[in-house]
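In what follows, structures are represented as structure tokens.
Okay, so chain A shows up in both of these, paired with chain B first and chain C after.
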Partner chain A sequence: MGYSLGPQIINVLSVLILGLTLLMLGLRRLSHGLNAYAVHSLLLASVTGIVGYGQGNVHIYIAAIATVAIKVVIIPYIMIKLVSAMRVKRETGLLVNAPTSFIIAVGLTILASQVARSLALGTTPFDDVLTVAVAVSLIGMLLMVIRKDAVMQVIGLLTMENGLFLAGLILTNGMPFFVEIGIFFDILISGLLLWVYLKRMHFSLKSTNTAHLNQLRG
Partner chain B sequence: MLTRKPSFVEKIGAAGSLVTLAAGISVAYFVSSGGTITGLDGYIFIDNLSMLMVVLITSIGAGAVFFSLSYIREDVERGHLGAERIRWYYGFLHVFIFAMLLSVITGNLGMFWVAMELTTLASALLVSFYRNRASLEAAWKYVIICSAGIGLALFGTILTYYSSVGVVIADGGTLDWSALMREASRLNPATMRLAFIFVLIGFGTKAGLVPMHTWLPDAHSQAPAPVSGLLSGVLLSCAVYGIIRYNALVTGVIGKTYPGTLLIVFGLISIITASLFILMQKDYKRLLAYSSIEHIGIVIFALGLGSKLALYGAVFHLINHAISKSTLFFIAGRINYIFRSKQIGRVRGLIDVSPVTGTFFIIGILAIAGSPPFGLFASEIIILSGGFTSGKHVVSLIALMPIITAFGGLTYYLSRMSFGPRTRQPVLQSHYRLPIAIFAIGMGVMLVVGLYVPAWLHALLNNITQSLGGV
Partner chain C sequence: MEALLQRAIIGIGHVVLVLLVSPLMVNLIKKIKAHFQCRRGPGLLQGYYDLWKLLKKDAVISEHASWIFRATPYVVFSATLLAAAIIPAFTVLPPIGRVGDVIAVIYLLGLARFFTALAGLDTASSFGGMGSSREMMISSLAEPVIITALFVLAITAGSTNLSEIISSSLTSGYMQPSYLLILLALLIVVIAETGRVPVDNPATHLELTMVHEAMVLEYTGRDLALIEWASSIKLMLLLTLIANVFLPWGIAREITWVFMLSGIAAIVIKVTVLASIIAVVESSTAKLRLFRVPELIGGSFALAMLALILRITGKG
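After this line comes the complex of A and B, so read on.
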């Protein structure tokens, strides 16, 4: 698509995505986390749309629309509805405090830039975007590891998926069509499944703190 | 799911599994008479290795469905399950089997990823089927850890696609395994190195490789016994199948030193860790789960050795483990019914309480521990001699030690559970006869392949080894 407005907008959006991901590490209210995820997905959908426009590729447009439908609307909506019915609305007692997790995240971002450089895209203006994509995946994973609340773990998982999607988009301009459909289908189903488990946890444990899940050992 | 009547649901479920089995056998017939089934632009690709997996999935799947007939009924009789949930059970079970079949019949590595994720989702619903706190915990860990792992595998898949851009098709990449294999020497080596690490960790999580295994003992012990059998015997094999395909591909790109080293390291860590955990189990289903980690570790280790003999042994071991472990989990389900406990300490004098189940349990544990004359002994010997003859003495010795440790642990618990005075606790006797036939078939097959490998199986294994580039 050449050096025009498109790549510059993509770069700006990707910086916003990285900033938002770092911000998510500091969020403790569950509903804030879910809203942040919805915005995160919206930014991702915008990047997808712009890449689709640059390529003139219909099936990337479809991916953008699917992103909006599944990750901006359906999953955040049902999760927020569930969280608003819970008594505990924020996570207490973090395993790792926010400043420390911030420092770890910066380290992960440096690692991500190494991975992105080793792939040596070079020819495209998207090296930084790839760094962001890998960093977002790693920070999503970090979120899953350091948070004890199940809702936050789900947000971490979904954030990680967003990062991977961005990496796939930048590296390959979209996977084969049926594979892409399959990936979206899986994300939708796994979102629904996790929602079901959160509901059951809320119902039987009166909490989504995974510290209560401690019966199975060894 | 159309009807609420349990007996009708069971009939449909059983008939469905027979139809699937018949389809599996006809695929086997077609492929073994010299054909490779391809179609839908490479989305369907069934060669000898896929055919072998199809036969394992459909036959063990049918075994699990038929074992479920009695197992689930007994659960309903004891009030563990509501009768209205039977239809969901069979529904999920068939979706699970379908997802596994999809993963092995597709020649597209992206579709393989989609199918693997689908197996997690379908089987998670079965893991948490009892709806108690422990099964919720197991299912939660299972979904979260495997989804994260499989996310890494997705990144590996994307990188594989990226490494092929402009090589196979002029203006794009491909994920068609056979096309990638043909052009392996022209794929981008740096990218494929990176891709293999992500794929190995990602699908290794599903295969239960240490240190990504923490979900496995929980999920395999909390699921209903027929599902445990499928998870341990077949689903792990499907994940390993993916690693086998990627290993062949990466070996074609950058030679076997790099993937081989990674596989040997992961394999050895898994074998050693699992053998230590086997020594200190209190729950016999967890014991079997750790034994699965050990055996998958052995298969991965054998893949890493990379010699023709070791590859042959790896695939053979995969078959043996699939059949014996799934049968053993079914037997464990029956023991759980008889003694109403999964605790090793609560099962006493099994052979006295139930001579038939007890005998099959003894045979099963001996088979899985790798004692002669069963199939797993044969394949372990093949793998180790493959290691020693290819000059990898040290790692082969390191692998041998924990295998012996695990043997000791398994036989110790076997004697504690089977012999001695019977428990004072009241026991139940299962009056269903069909499970006995299933146990007999599974263990019979193990005995036959342990004593001699039929010529057609030998030819099949040789053929698979060759197609994977073994020399």
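After this line comes the complex of A and C, so read on.
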């Protein structure tokens, strides 16, 4: 496989990532959302691996492996266990319905493509990927804003992080090793913290709907 | 003169191929679905027998029906067949010359749908009216998706002519991100447009679930045969479009017997594969509630719009 094939595969994978992010907006079931996040991270790991191959850079491979370990296995696994223990199957509160959120997502993608353009790379074969990366972060933020369920908001946060990671990867062709390790440690810790948060929230409210948080009194 | 004759033969052969293969494709989907339900299912030729039987029968027409009801089967059948004639199947040459392009295809399908909906309302049966209203809701959502997707193709090829679109996807590659997005969008829309399972159920006559079947409930005999044939041609047409644009391998680029025959074999194989995919999707998903349908088609519209954005702003 030459590197000339690489950009094409990366472009296709990034488009799949974008499509999957869009799909997340339409998902109601919490476990489906977490599975979608795991697949999302797997696609991200593949992109990372291909960039690593193109750069011939060993520590990008490590980043890819860490992505698989942390974002594909550990975080979705503990979250799915938590969700199935909570017996909250699907979320109830949506601020806007799915078609509207798709349209907002399309608007955000237009914004993202403008941002990606104004970063004025132009010469790399990865224009689309940068658009996708910015769009994924924005749609992840949208997911946090329009959902009332805390689990979905966590998924939105993690999706946003995936988008930022992709943007960083494409812009810098792999960040310095210690920065990457720091990011992964950050994600792992914040995943665990959010896990504790969800558990406590469900323990005291019997629900993960953030609309119920105003009932929380000492 | 000889070239003209050749063109004429190709055009006629194309139409005959579409007419003959389309009932087979519908039956293939039925057969695969039956296999998933642990039934044996009707034989592959059952579609032809049904059409033959219906064509021999007289039509029973309500005395309250107007000319619209009588004209609709002919309008629907001829508009659909004409749309199918525009889309190249086994050769990149346009089958009926440069008469039509993608926009004509959209409008011909729209014409057929408009008349079907009118005919559903015409006999004033409550089922027909309900079917028409649902069909209009679904198609008003699905049509923008097809238009956007075809515009992406037209921008890529620099032409709205289908043979140029197919030639450009033959040369410039099919691994383009925007093509991938509109492939997904079009697959969803094909399922919605042809009344397949997550959106509609072609096999049922249960009043709560049907959309397309409700509109054509009043048709009998040869009218019904034309409507059924037209809907199978529509399925074939949309699958041919997807097959040739996204998997353009094997389509004949020169007029020789070898190329032509391999082109015919290629299109039959590609359409068979796509029909099998539809059958698997139909067997593995449950029908959506009608009010969840906008979410599905809205998603496919978003995919098509993303493809357009990537095509216009990026390298696509």
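As a convention for this text, the second predicted complex is superposed on the first by the 210 of 218 C-alpha atoms of A that agree within 3 Å, B and C clash if a C-alpha of one lies under 4 Å from a C-alpha of the other, contacts with A are read in each partner's own complex, and residues count from 1 in each chain.
Convention: a residue touches a chain if its C-beta (ideal position, glycine included) is under 8 Å from a C-beta of that chain, and two chains touch if they have at least 3 such contacts.
Bear in mind the structure is a predicted one, so any value in this text is a computation, not a measurement.
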> Since both structures carry chain A, what do chain B and chain C do when superposed there: clash or fit?
Replying inline: fit
>> Just to be sure I read the superposition right, which of the two partners does A:V179 touch: chain B = first, chain C = second, or both, or neither?
In response: first
>> A:A150 in the overlay: touching chain B, chain C, both, or neither? Say first, second, both or neither.
In response: first
> Centred on chain A, what angle do chain B and chain C make, from Cα centres, as a multiple of 10°?
Replying inline: 150
> In the superposed arrangement, does chain B or chain C reach more residues of chain A?
Replying inline: B
> A:V12 contacts which: chain B (first), chain C (second), both, neither?
Replying inline: second
> A:L22 contacts which: chain B (first), chain C (second), both, neither?
Replying inline: second
> Given the touch rule stated above, what does A:T109 touch, chain B (first), chain C (second), both, or neither?
Replying inline: second
> What is the contact status of A:A98 with respect to chain B (first) and chain C (second): first, second, both, or neither?
Replying inline: second
> Does chain B (first) or chain C (second) touch A:L119, or do both, or does neither?
Replying inline: first
> Does chain B (first) or chain C (second) touch A:V58, or do both, or does neither?
Replying inline: neither
> Shortest C-alpha to C-alpha distance from chain B to chain C once the two structures are superposed, in angstrom?
Replying inline: 19
> What residues on chain C touch chain A, complex-wise?
Replying inline: 173, 175-178, 180-181, 184, 294-295, 298-299, 301-303, 305-306, 309-310, 313-316
> Can you name the residues of chain A that touch chain B in the complex?
Replying inline: 115, 118-120, 137, 141, 144, 150, 153-154, 157, 160-161, 164, 167-168, 171-172, 175-176, 178-179, 182-183, 185-186, 189-190, 193-194, 197, 200-201, 204-205, 210, 213-216, 218
>> Applying the document's contact rule, which stretches of chain A touch chain C when the two form their complex?
In response: 8-9, 11-12, 14-16, 18-19, 22-23, 26, 97-99, 102-103, 105-106, 109-110, 113-114, 116-117, 125, 127-128, 131
>> Give the list of chain B residues in touch with chain A in this complex.
In response: 43, 108, 110-111, 113-114, 117-118, 120-121, 124-125, 128, 131, 133-134, 136-141, 143-144, 147-148, 151, 154-155, 157-159, 161-162, 165, 173-175, 190-191, 194, 217-218, 221-222, 277, 280-282, 286
